[in-house]
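Next up: the structures, one after another.
In what follows, chain A forms one complex with chain B and a second complex with chain C.
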Partner chain A sequence: MPVFDVRVTIANKQSLPDPEGATILQDLVRRNNNTDVTEIRTARLLKFKVSAPTAQDACKNISEMCRELRIYNPLVSEVSVESD
Partner chain B sequence: MGFEVEYVWHEHRLPSGVDLVVLPGGFSYGDRLRAGAIAAHSPVIRDIRELGASRTPIIGICNGFQILVEAGLLPGALLLNDSLSFMCKWTHISVENNATPFTRLFERGEQIHIPVANGQGRYYADEATMRELTDGNQIVFRYADDINGSTMQIAGVCNSERNIVGMMPHPERASEPEVGPADSDASPIFRSLLQESGAARQ
Partner chain C sequence: MTGLTQTEMEALSGRIGRRPNPVETSIVAAEWSEHCSYKSSKKHLAMLPRTGAHLVDDSSYDSAVLDVGGGYVITVHIESHNHPSAVEPFGGAATGVGGVIRDILSTGTRPIALLDGLRFGDIRSDSHARWLLRGAVSGIAHYGNCIGVPTVGGELGFDPCYADYALVDVAAIGFGLKTRLIQNHAEPGDAVVLIGGSTGRDGIGGSQFASDSLESDDRSAVQIPDPFTEKLVIEAILEARDAGLLHALKDLGGGGLSCATSEMSDSLGVGMSIDVGQVHTREELASHEVMTSESQERMLGIIAPGSVADMQEICAKYGIACSRIGTVTESSDLHVHDSGADLARMPVGIVANAPLLDLPRTRPAYLEELARARVPDALPGGDYSASLLSLLGSPNIASTEHVYSRYDHEVGIRTVVRPGRDAALLRLDNAKYVSLAIDGNPAHCYVDPRAGAAGCFEEACRNTVCVGARPIGMVDHMQFASPQDPEIFWTFIESLEGISEYARAMEIPCVGGKVSFYNETPSGPIKPTPVIGVIGLADSAPKNPAVADGDVIVAIGTSRNEMGGSEYYSHVHKTVAGSCPQVDTGSSRACLDAVLALHDGGLAKRVHDCSKGGLGVALAKMCIWEGRGCDVALDGAPGCADMGADVALYSESHSRFVAVLGAPDAQQALDIAAKSGAACAVIGRFGGSSIGINYRGRSVASVGLQDASDTWHTSLERTAHG
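Up next is the complex of A and B:
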């Protein structure tokens, strides 16, 4: 069975403040005159290698696993799952 | 205090006849993924879940609170402090609900001088969860000041049946004069438990 790279990105929901992103924006990016940048949101990236019949199956299996094991907290996080 | 106490390794099962469970603070799995997220799947949690459903008193302190939240036994989430830093300081909390097995010896509104020590201690509840907490009188402790950005300055909550309580501050570090300032006394949390479990009969 082929092995696929699956990337899971976990970020705070947009409705939640992201103090880390805000600090990077205020104290590094904008302080150094990059005034065209208006927002930075941080996220966590998990990279899986998974065997599955197709890339679509790989994404589906990983999505289900992430939900079952609460790899992300649905109350505060949104998640995206993608494969090449 | 009159308890017969047994430490249980998280990969083992709980012994039978347990009157109450304390999930202490510290770190589990180095807070990897999120504080408490991996320990929430430890084998012992299955037994804690069953005990919780049968109304056995369970208290989670600091990392214990984070584990109970991640296991879905308490509502909400615990996020990085606003400061993004580990916070270790003495603070004041008030008792918002004294109708739990852990707070019955307090007056409602009573202040406790108590330490906090955590990195991911900012309690978060969305609107729906806040409604649930408010309607069910599930907010147990609140900080007197906004120390970390917690929703409604919440320091501790309970489940709707009120037998499971979680709190970020450390009552065990504020219950003996040897380790805390003279005006700190969180020992009623443990004495309430003794009364609840009947262990005080000794």
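Up next is the complex of A and C:
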């Protein structure tokens, strides 16, 4: 069975604040006069290597696994799962 | 969602003489929620004694202020964040820490320590409870460690009644000069400023969310913690305090601006005009959203109109926002407008004072069933080695090092007694030491809410004297299910009466507290869970001389057959039966005094109180801590001679301690204890490599020290990781 690279990105929902990103923006980026940057959002990136019949199956399996293991809280986080 | 009942809507309309508009309704709904108004409990909280030698009496503060001498004060507060933590444990627990820190800050004192009391479902069988535990611990570690306030203690408990739920209690201590306390006052014309984080849609309706059961929640009230901003808020506020800019200060907690403005106006006897258009927001918000958002890391200040620029300059230096959002007025109204367009105008006395309830109460039926429950038989053969080892691995007894090692408990270099021992002890600048212990026991409170609550109070006092501090004040945190259920409300009143009776008898004032109702899940109400924090003051820290083989072990206090709600029955026999331990205030005073006298005389090398698991577990923990075995004759302990080995080992009677003394000091220690009126006896000695407990000349428990130590140290971590 082929092995696929699957990337899971977990970030606070867009409607919720992201203090870490805001701190990087205010205290690092803006302080160096990068005024063209208007927002920074942080996220956690998990990289999986997974055997599956197709890339679509790989994404589906990993997506379900993350949900079952409560790797993120759906109440707070939005998640994207993608594969090459 | 108005959040007001029909009766309340009619009461509000009657009081203001018209129907409130939607913005007014949402402001009042936030303030009249149970969380903010204490409408079910306020009438009864008056029974708690509130005067004491150390208490700085000023009801305008959000936290208790205690004079500790030398021109210094400490401040103490306790809060919970149960509902938010039950749906988002990381953010809920973290913002709970943030909230209590701001309550300390609002008096003008610097937060110096945090304690957390955490309760979850049975982590042995419930993977969701394990997820909640991991999330809450991560949230507390994240917030406390980022902000540089040490987490110095607390407690951790598990009970199936908290399945799919979490109790997250946070207590904090502040310290400062008495002359720098903010003297809350306001003059008409003063400016109202909002300092700190920006206002957004996160946390809208949080106070009403906390006043509903989770069954009916819409799960919209998630708050995002931002310790980086809060650290800056602390420093900016303390600089403004030193510059004398702050006339009054209040934390924005439940109910957001609605509650902060109305409560502040009401306590200062002034009106306020608030322009929602001036509030710094992070997104487009409707007016009622601005007034009820519970976005974190915000403080409401009152300053002289000429000081606004200075205040903004200080905030700018720390990179935080400071908006002038309104003016103090001569009227008694809370007036809310958007750049001049009226949105709400109501007398603050009406907004800040919900109609109080006097709810009915009845003795719960389950107590009759419990009274009939059969008490388990003594174990055949009378060998309790396996049960003792098993109890040491019980999640309610095992070492919590796995949890507290994730917290920075040293930052600030005040910590003298670290987490894992009876109470936290911190060094103050006036050469004194302050202690804080928080204790709850839902198992006892379920069997007998009155005796159980008094017992939690006594346990916190016992833990306080174990580190050589004398109790000077108490904060109570009353956590119950719906007060609308007469049986639940009965347990609340019983608990409150138990606490009040003990406080009066021991002359320890209630200096602050919190009531949290509606703690229930679809599977039912939680057990009554009052948590009591006791603040102690000591002139010196325990010297902790080395313990050696041959040192004597002394039992202080009388054991009784009080197995109801014991960890032994629930963990080993999976049952609840028997009578709950009762607090005898005379014995309590005698034993607490005896322990303090032993400390003062420099006689006790160690003192540890008996709580969950009784004398058996107290002795085993003492051996594990000291890395030594023991040989003990348990029938020699006061009260133990005729009760049977199982009861002598595991009864959880109050007012008991185990002390370690050098052999030559034993007689003097017994004389001191006798002088205080405490029952006291030498029951054995340290030595060997096993914990050996005998009863009436026969070995009843013998556990290898290494086995005991491994079980106690590693069980919780193994269980928590499923």
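Keep this in mind: the second predicted complex is superposed on the first by the 84 of 84 C-alpha atoms of A that agree within 3 Å, B and C clash if a C-alpha of one lies under 4 Å from a C-alpha of the other, contacts with A are read in each partner's own complex, and residues count from 1 in each chain.
Convention: a residue touches a chain if its C-beta (ideal position, glycine included) is under 8 Å from a C-beta of that chain, and two chains touch if they have at least 3 such contacts.
The structure displayed is predicted, hence computed values, not measured ones.
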Check your understanding: Thinking of the overlay built on chain A, is A:K47 touched by chain B (first), by chain C (second), by both, or by neither?
Key -> neither
Practice item. For A:D27, decide between first (touching chain B), second (touching chain C), both and neither. Key: second
Review point. Does the superposition put A:P19 against chain B (first), chain C (second), both, or neither?
Key: both
Check your understanding: Now for A:V76: first (chain B), second (chain C), both, or neither, which partner does it touch?
Key -> both
**Study point:** Overlapping contact positions on chain A, where the chain C interface meets the chain B interface
**Key:** 12, 15-17, 19-20, 23, 70, 73, 75-76
Check your understanding: Hey, which residues of chain C end up touching chain A in the complex?
Key -> 87-88, 90-91, 131, 135, 198, 200-202, 219, 222, 224-229, 282, 295, 319
Review point. How about chain B: which of its residues touch chain A in the complex?
Key: 33-34, 37, 40-41, 70, 72, 76-77, 79-80, 82-84, 124, 126, 129, 149
**Study point:** For the chain A and chain C complex, residues of the former touching the latter
**Key:** 12, 15-20, 22-23, 26-27, 70, 73, 75-76
Check your understanding: In their complex, what parts of chain A are in touch with chain B?
Key -> 12, 15-17, 19-20, 23, 69-71, 73, 75-76
